[in-house]
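Two complexes, one shared chain (subunit A), two partners (subunit B, subunit C).
== the complex of A and B ==
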C-alpha cells in the first residue's frame, strides 16, 4: 500500500513538472513527452501496486519516508536556478553555426544566433551598425561588466552552454545577475583590453519575466 | 593468468600516462592555413592550430613583412589575421608565424609567403574566337580554356577554386563549363607562389541551353540558372563547393544572385526584389518592393547597392543595410551602367552614361555611404563596355573595368585608382570581358 502511494506521488511529481512547465528549466522541449510518459507509467504502476496489495498493511521504512518528503518538497518548492552562476561554471563551446545566420535579418537573430555568427565570423566590423532585438539574462562576470546571455542545451541543464554578448550598459542601468532583459539597439565595435569586439549598444532596455522556455537548442 | 591481468592493466595505465605527458609537453602546431574571403579588411588569413593558442601572444610574436597594420581575431583557435582596409598591398607578404598556446608552450617559428592580390581574368579575342586567359603578376598570359566561338558569361568562383563560363557556338546554343583551379597563393618559399594551376574542365549542363546565368558566393557555391529550347525547361540548380547538387524551385523574372556570405540568394521578380534562404527556414522572405535591380554586393558585410528604376525614367542608386530601409545615394536621369562598393559600403563607385549628340559619354562617380559625392571623373576618351561589371579590389585599391573607344572595335581591361579615379593602366589586349579571381 505504502509502496503504491509512493509510486503515485513520484509519478504525479514527474507529470506535474511537465504540465506546469517546470521541466522547461531543465530539459529541452522535445524530450518532455518522454518524461511525461515515464510519469504516467509511474502513476499506473502505483495504482496497480495499490490494487494488488489493497488488503496488506506494510510497515513504512525510513528510506521511503525520505523519498516521500523529497517528492513533496519538489512539488511544493518551484525551482529557481541561477543561470548566471551556472554559466560561470560551464565551458563555452557552441556547436557550429547554422548556414542561415547571415541570411536572417539582423533584428530577427536571437542572442544565440548572434553569438554563433560572431564565433564563426570573428570580424566585428562586418556587423557594425546592424540593428538588434534580443533577450537574455544578465550574466555577471568576475572581471568586468555583465553580459547579456542565454543558455543553450542539446539535452538538458547538465550540458548547458552559455553564450553571451558584451553590452555597453548606459550609465543609469543597474543590471542585476539573473535579471531577464529585452534589449533593442545596434551592434557597435569597441576596443576592450586591446581587442576589437562587437558590443551591444542598447537604445531601450526592458525588464521582462523569465521566458517560459529559457533554454535554447 | 592471475599475474597477467594486473600487468596488462598497469601497462595500459602507464601508456596513458606517457601519452598524456607527451601531449602535455608537445609544442603546438599550425594545422591549416587558408585565405579567408569574408572579412572587413583588405585581405585575411585563417589559421587553425593543433590546440588553443594564446591570441595576444601570437599577435605579439608573429611578424608581417612589409609591416602593414593588421589585427588578430578569434578567441583562441582558429585565429584570423585581417590586414586593415585602406592599405595598398603591392606584392606578396611574408608572415613569420610564432606564438604560444594557452599553457605557454612555444610553437616553432615558421615562415609563410602569402599572395593576397587577385588575378585578372579575361575572355580574350584570339584568331578563331574567344579564350579564357589569366594574367600572371609577371605580365604573361596563361590560357585557361579551349578556344570557343564566344564566351557569353564569365563567373569566377568566390573562393578562387575555379571559373564558370558559358560558351556559345554562335548559332544560339550555349554550354556551361567549370574550369577547376588549384590555388598556389600560400607557400613556404616565395618562389613557390604561382598563379592558379588549371585542372579538369567540367561540362556542367549535359545538353545545350538557350541561356545560362551563373552566380557564385565566397564559400565557393555556384548557382546555375538555365533555360532550354522548350517552354518549361527553365532550371535552377545549386552546385555546392563540395560538388553536391541541389535543385531549387525558385521562380524569378531575371538572373538570381547568391549572396556573398552564403546561405541565401537574391531573387528578382516583376515588382520586387526578395532575399530568400537556400534552405527554407519557415520565415517569410525579405522583400523590397519597386522596380529595382541588384547593382553590387559590398563583400560580406550584408550590404548591397541597388539600382532603382522610377516610372518617370529616372534612376537612383541605393545602399541597403540589413534591417534598415534603403538609403538613396544618388538620383538622376543618367543611365547607371555599373556600380561597385567597398566591403563596408562606405565607398560606392558608379559609372553613369548619357547621350550627347551621337555618342554616349560615361562618367565615374565616387560617393560615400551617406550619398555625398566625393569625386567625379569622365572616362574620356574611353567608355565602359555595356553589360560588363565594375569591380573593386580592396587589396590594390583599384577598380577593374572593360573599356572601349567609340571609334574602335577593341575592348580592353582597364585599371583605375579607386581613390583618385585616375587610370592606372589600360592593358593592350582585346577582350570581351575582364573580372577578378580571388586568390
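== the complex of A and C ==
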C-alpha cells in the first residue's frame, strides 16, 4: 500500500509539473514530453502496486518518507527563481544558435539573437542606428548599471547561461532586478571603461509579465 | 529568501529532468533480473583474463542499468558461475557503457561531443584495469562469503573438491539465500523489487539534487572558479563531490551540468567516471559482492585511475 501511494504521489507531482506549465520555467521544451510520460508511468506503476499488494502492508523506510515530504513540497511550492541572482552566479557563454538567426531584420531579432550577432561581429559600428524590439528581465549587476537579459538553457535551469545587453537607461527609469521589460529603441555606440560597445537606447520601455516560456534554447 | 527561491527552482529542475532517466534505468534493471536467471549461457562466457572483462563491459549494452541496478545483476552473474573478469567488467563498466547513460550524457552535453566518446572509453579502460587488478586476489579473499558459497555450487566438481564446494556428499546444506538457479521471477516480484529500488534510489537522487542546487546557489562563484580552474585541484574536488553526491550514472550528467562551466574538462570527466564506480551509496551495495579489502582496493585503484585520466584529458583539452 505504502509503496503504491508513494509512486502515485510522485507520478502526480511529475505529471502536475507538466500540466501546470511550471516545467516551462525549469526545463528545455524538448524534455517536457519525456517528463510527462514518466509521470504517467509512475502513476500506472503505483496503481498496479496498490492493486497487487492491497492486503500487504509495507514497512515504510525513512528515506521514502523524506522523499514523500519533498514530493509534497514540490506540489505545494511552485518554483519562483530570481533570474538576476542566477545570472550573477553564472559565466556568460551562449550555446550555439539553433538556426542562423542573424539574417532576420534587426527589429525582429530577439535579445539572444542580438547578443549572438554582437559576439560574431564585435564591431558595434556595424549595428549602430539599427531599430530593435526586444524583451527580457532586468539583470542587476554588482558593479555597474543593470542589463536587459535572457537565460538560455541546453537542458534545465541548472545549466542556464545569461546573455545580456547594456542599456542607456533614461534618467527617470528605475529598473528593478527580475522585472520583465519590453524595450523598443535603437542600437547606439558608447564608450564604457575605455571600450566602444553597442548599447540599447530605449524609446519606449514597457513593464510586461514574465513570458510563459522565459527560457530560450 | 531570493537565493532560497532560486535554489528551490534549480533543485526542481534537476529532479524533474533526472526522474525519467532513473525510471528507465530501474525498468531495464528489472527486465535484466527477469532475464538473467536462466544461466546456462553464463558459464560459457570467455574466461581469458583480458577477454572476460571486455565481454563483461560490453554486456552493459545488452543489460543497461545504472550502478545501483547493476549490482544485483552482477551478483547474479557471479553466483551463476560467470568468469570473475566478466562479472567485474560488467559491474564497473555497465553503469556507463549503456544506451540510457549515453543518452542522458548526450542530452546534458549536446555541445561537448568529446565527452560522449571519452566517458564510455574511460569507463571501459577503468573497468578492464580494475578487473585485471581484482583477478590477482584469490576468490576466497575477493568475494563476499555468501556469494562465494553460491558461486561454488554452480561450478563443476572437477574444478573444486567437495570441501571447497561446501555441499554434496559431505558438505553443508545449501545457503538459505541461494536462489534456485533456473527460476525466473514472476512479473509481480519484478514489479515489487523495481518499485522498492526506484523509491530507494529516488531518495538518494533527492539528496544529490539538494547538494547540487545548494552548491550552485551558495558556493561563491569565485571559489568555484579558483578551485575549478586549477587542473589537479579541480579533478580532486569533483572526485570528492562524485563520491559524496552518490547519484546514479543515468542522471549524474545532469548534475554535472551545474558545475560544467566552472571546472576543467578533466574534472568534469572525472566526476562522470568515478561516481559510477565509487561513491558512498555503492560502498554499502558492494558489500553484497566483495569483501572489505577488495572494496578498499577498488576505491583506491579507481580513484588513482580516474585522476590519471582526468590529468591526461586536461593536458589534451586545456
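The rule we apply is simple: the second predicted complex is superposed on the first by the 206 of 217 C-alpha atoms of A that agree within 3 Å, B and C clash if a C-alpha of one lies under 4 Å from a C-alpha of the other, contacts with A are read in each partner's own complex, and residues count from 1 in each chain.
What we mean here is this: a contact is a pair of C-beta atoms (placed from the backbone, for glycine too) under 8 Å apart; a residue touches a chain by one contact, two chains touch by 3 or more.
What you see is a predicted model; the values in this text were computed from it and never measured.
Of the two partner chains placed by the overlay, only subunit C lies in contact with A:41; subunit B stays clear of it.
Once the two complexes are laid over each other on the shared chain, residue contacts for A:131 go to subunit B alone; subunit C is not touched. When the shared chain is aligned, no partner comes close enough to touch A:213: not subunit B, not subunit C.
Comparing subunit B with subunit C, more residues of subunit A are touched by C. When both complexes are overlaid on chain A, the residue A:194 reaches subunit B alone and has no touch with subunit C. In the superposed pair of complexes, A:176 makes contact with neither subunit B nor subunit C. Of the two partner chains placed by the overlay, neither subunit B nor subunit C lies in contact with A:54. Within the superposed three-chain model, A:106 lies in touch with subunit B and out of touch with subunit C [touch as defined at top].
In the superposition on chain A, A:74 contacts subunit C only, with no contact to subunit B. Within the complex formed with subunit A, the residues of subunit B that make contact are 38-41, 44, 56, 71, 73-75, 80, 82, 259, 261-264, 275, 277-279, 281, 283, 286, 300-302, 321-324, 344. Residues of subunit C that touch subunit A in their complex: 2-3, 5-6, 8-10, 12-17, 19-20, 23-24, 107-111, 188, 191-192, 195-196, 198-200, 202-204, 206, 212-213, 216-217, 221, 254-255, 257-258, 260-262. Looking at the complex, you find that subunit A touches subunit B at residues 99-108, 119, 121-131, 194, 196. Across the interface of their complex, subunit C is touched by residues 3-4, 6-7, 10, 14, 17, 22-23, 25-27, 31, 34-35, 37-38, 41-42, 45, 48-49, 52-53, 61, 63-64, 66-67, 70, 74, 77, 79-82, 85-86, 88-91, 93, 95-96, 154-159, 161 of subunit A.
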